[in-house]
Amino acid sequence: MTLRSCGVRWLAGLLVVGWALTVPGGSFIAPPAAHGQAKEFKVGVAISLSGIFSRDAALLKEVYDLWADTVNRAGGLKIKGTGYPVRITYYDDESSPQKNAQLVERLATSDKVDLMLGAFGSSVVFAASAVAEKYKYPYISGAASANPIFERGFKYVFATLNKTFDEVEAAARVFSLAQPKPTKAAVIGADHLFGKLSAEGFKKFLGEMGIEVVHFEIFPVDLTDYNSIMLKVKRQSPDLVFVGGLFANSLRAMKAAKEVDFTPKGFAFSYGPTVPDFVKEFGKDAEGVIAASEWLPSFPFKDPVFGSAQTFADAIQQKYGHAADYVQAAGAAGLVAQQTAVETLGLVPPLGEKEREAVMEQLHRQDIQTLYGRVKFGADGGIVQKPPIAVQNQGGKFVMVYPAEVGGAKASKLIYPLTPWRSR
Amino acid sequence: MTRWIALLALGVLLLLPIGVGPYPIRVATVIFMWAALAGSWNLLAGYAGAVDLGPVVYHGIGAFVTAALMLKLGLPFLVSAGLAGVVAMVIAYAVGTPTLRLRGAYFAIGTLALAESAKQLALAWDRLTRIPLTGGSAGVSLPLSAGYVLFYYVMLVLMAAVTAAALWLRGSKFGYGLRAIAENDRLAEASGVNIHCLKRRVYVASACVIAVTGGTAGYWLSYINAADVFSASITFQMVVMTLLGGLGTPFGPVVGAAFLTLISEFLGTRFVYHYLIAIGVIIVAISLFAPGGLTSIFALVRRRTEATA
Amino acid sequence: MTFLADLIQTLINGILQGGVYAAAAVGLSLIFGVSGILNAAHGELVMLGAFATYWLSTLYRIDPLLTLPISFGLLFVLGYALQYFVLNRTLGRPLLLSLLVTFGISLVLLNVALRLWSADYRLLRIPYLERSLVVGPLILPLARVVACVVGIGMVAALSWLLASTRLGRMIRATAQDLEMARMVGVNPRTVYAVTFGLGAGVSGVAGSLVALYAPVEPNMGLMWGGLTLGVAQALTETYLEAGLSLLVAFALLYLILRFMPAGIMGKGRLE
Amino acid sequence: MSLLEVRGITKRFGSLVALNAVDFSLTEGEILGIIGPNGAGKSTLFNLIAGLETPTAGAVSYRGRSITGLNADAVCRLGIAKTFQIPQLFPRLTVAENVLVAALYGRGRGLTESWREAREWLTFVGLADKAEKPAETLTVSERRRADLARVLGTGAPLILLDENMAGLNRREVEAAVGLLREVRARGRTLVVTEHIMRAIMGLADRVVVLNYGEKIAEGRPADVMRDTTVIKAYLGESYA
């Protein structure tokens, strides 16, 4: 039969081509790396340049590019007095964990990069970190904070953000300052790892504060109509509304609150308002919203790479035309931590497995100051002793409202209750 | 002849891990995985003519059942994956019996709705039943596996099994029954073919392969969550790869999986920002100029050569 | 009293949502019904319509409502061209082939949009629509009311066009009996192109309507290109927990298909 | 005992009554003609017997066993096979494979046996030379013969032929009638619907006349054609 054997020949042909493409040495897929006399650090990232995470990942990529520019302008990483520039290779994981794991494996074994940077999105980081662990690449994510990632006993996975559950603490506790004292709250969360964990965090801390949670709901990610949920919330007329979710969820929840014309006295989000688009899109309606955060440009933190928190924020503003988000600062801190470790150890590229192991140990050991504040990793790779803060949009800018003081920066006064949307 | 080339190819693939590094092996494993998934879909859509838009249901079931058996009962991976295949077969039998009575577009949309329901059910499972299985949106983390060669062989076996099944269908009684159903189901019925029974057998068999593949992929990645393992994009990829390679041909899914994986690997690492656009154009071009899929190009070339010879 | 108000409010939410869903879905089903094309790029057409409205009103200060006909026109031209130059070449081929072609097209459209406009979320500010009508205990967000009314109006206009115009008769004739239509002098290629244009135009306007009240971004097609479950979804959402609403909605859809297939789509033509 | 018993069979599509309480029976080896104008319910009757549709009321039994409500494939395997008014094929299978499927599944034979049978029946209907051609390339009259070969391939003792001669010219009709006689000689029982009176008159032992879903006459062909009710049904009131 014609079709039958033709398929086989195709297969045979493909095999030959596939072999030619993949065998090390004579290959397309794995271009032979010029070992030995490398004068630069090859840094690899598999990140979502397309697909559902592409918006959030773009923020991270901005920081990576800014870091490469900044470092290279300063002559590269300083190792024993010599400068080694960095070159970043990006791959697109199409927001798929499967694809990301594949690309991380490529970076590790075929491109043989010296260092790796983290991706965005918990499920992606889960898959990627398992491969990174296998090949002994320190994997610092500035954006993944879901608790379970750090419960796997990995040695090479680090995060500069607080773990999700704790991260929302300040955004709940800030309402202990509110007058008159709020008594009822509603908590809703998107059904993904981050949204759910942060909603549960809100609930727990509110319970500790003696504020009754009159409505708690986890809603599916694919939901297009948030009005029904917000109406249910409105019917309970809580003083406070908390939203656990990523940027898109927060945006829609805010929009729904406006549409059903419900202005709670306090409105807090686990993530979203600090993403530049949020304030840009909502304008004066975003006034007074509270977001969980860990950093502000006004914090008095410094490091040798980016300078102060403020200069970092200015650099982002200048290069990309928007305010810096705290997740970007967390990403930057990860870069600084890794760079410091390499420089401290005086490692010259290319880095082998042993050198990367040393970097991992150094990361666990070192305790440094960055533009983002102190970076010290715990045994599980999570950051320790990072006080979460609550920020509020006051006059188009986010200012800290809780706790009273971080590293010398003082909190501003909380605006409470909010002015109803209709009177703005 | 066919058999010999196929066996030779299989032999080469069996020995491949000896001479090649981990990355090409991973790419090959990815290709086998998609070939096994697309091949399973091809059995139903290409041979029995039932366009299933919800095969991912069994991928998800396989992933979670494998994970649960490994974590809760401490069973070894291969046993867990095998049992997951059995569980998927039982579920497929129960689900397939009513669903396969839908015809044409209804079957397609019905299975699509089924897959979405399954995803939502998996997300809500732990809260609804209080039996921890899927971890809700938090997903389930699996222990890190020892090596990558295991996955290579498991996926290779799955792909080989599906391809062998497709080859067997071409000349067997069962295969003729299926092709009759695909061509004209009412006539097949009137000719004595028990169409529901035959279709269900294929449905159940492909569910088994898909589930084992899903279980293997989950362990390979070491982390699964319902939104990913029940994602409609997995179904889409299966469909696209099969159509690209050649629907209803035994090697079509393999060729499609290899082509799409390699082209995206090749272009994706060179033109990071624009490769998806290029792949879109390539897919359109192939479907216009080789509507029978990539395998049909070869058939055409072959026929031309024969005509001139 | 609150119970009744809740029920009515829920139904209203469902209807408001359903109007836009209907507009988004009708484009898909028109194309499938007439040309048998399974349009995998449907969500991308919706997305392009949303962007058309966003850019026209942001860059050229055109009132968003006035951009609707322009959005229709742009998408009509795109749809006509896609069918005429690309999809017509698949005529007479197995139906599934159209799925492959349109999948390729969707990859191109989505990623071109992503590169041109980045993955940023954009929200249209329309001060005069950012209000809600309040009727007793009921709340009707104005933007959604407008979107729903226009959506339903467009579906009605499309049915009128198909039922009562010469063009509509030609389209229906082609859908029912291709050979017959050819014999009476209808050029099916043109009819298919016009049909795809209409379907794309309607989908585009649906996107524009979404843009009146929801964020615009390249990946939005994933969410809006899908199934029409407005009322069922909103209903279950209020009375069950939201997490179950999609489950119930899809299960309902499955049951409807299983037990009363003729009710939903008329004739299934996927063979 | 009669081979087939149809009792009070009724089929409604919504408000339309396609068949209303039709009775008839059939003995082994007979050729029964079913005649009637277009829309009289002939095809519906066949579909009900063959299990392609379910009757609203009434019963069908075959060799004393009730087959009402069985699926078409079960009916076929029990021994009743039908051709289609618009001849049906598996278009992209070869002509031989078309018959092969019937032999494999209708008769439940193995592959080798079935291939042999498929070729035999193709020779019988005169399509041996087309055996390897895709079925979609056949002409209308060849399609009818292929359909017949397929039905014979199922090995069913009772064969329902739904206007198997429609669209054939005079010579082809004569050949077809001869072929059907030969089929009977090989021990099959036939039920034939036809509008071509001439063909039926020369072929059927007995005819049943349907009009608007009702049986209006039954008997030997020559007798039935003299029946005024039948003439009216065919030619209209004015000719009576």
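Structure notes:
A, B, C and D label the chains in the order they appear, each numbered from 1.
Convention: contacts are C-beta pairs under 8 Å (C-beta built on N, C-alpha and C of every residue); 3 or more make two chains touch, one makes a residue touch a chain.
Keep in mind it's a predicted model, so treat the numbers as computed, not measured.
Counting steps between touching chains, the shortest path from chain B to chain D takes 1.
Farthest chain from chain A, judged by C-alpha centroids: D.
Nearest to the global CA centroid, when each chain is reduced to the mean of its CA atoms, is chain B. For the pair chain A and chain C, the distance between mean C-alpha positions equals 34 Å. Distance between chain A and chain B, defined via averaged C-alpha coordinates, is recorded as 34 Å. One inter-chain figure worth recording: chain A and chain D are separated by 72 Å, centre to centre, where each centre is the mean of the chain's CA atoms.
For chain D, residues touching at least two other chains: there are none. Counting partner chains per residue, chain C shows two or more touched chains at residues 110-111, 243, 246. Of all residues in chain B, those that touch two or more other chains are 120, 123, 273, 276.
Here the chains touching each other pair up as A-B, A-C, B-C, B-D. Interface residues of chain C, counted against chain B in their complex, comprise 32, 40, 86, 89-90, 93-94, 96-97, 99-101, 103-112, 115, 227, 243-244, 246-247, 250-251, 253-254, 257-258, 261, 265, 268-271.
On the chain C side of its complex with chain A, the touching residues are 2, 6, 9-10, 13, 17, 110-111, 114, 118-123, 125, 130-132, 134, 139, 141, 143-144, 213-215, 217-219, 222-224, 233-234, 237-238, 241-243, 245-246.
The residues of chain D lying in touch with chain B in their complex are 50, 52, 71-74, 76-77, 81-82, 84, 88-93, 97, 100-102, 104-108, 110-111, 114, 150, 153-154.
Contact residues of chain B toward chain D in the complex are 171-173, 176-177, 179-180, 183-184, 186-196. Residues 1-12, 14-15, 17-18, 21-24, 28-30, 49-50, 90-92, 94, 96-98, 101-102, 105-106, 108-110, 123, 126-127, 130, 133-134, 146, 148, 151-152, 191-193, 195-197, 218, 220-221 of chain A touch chain B in their complex.
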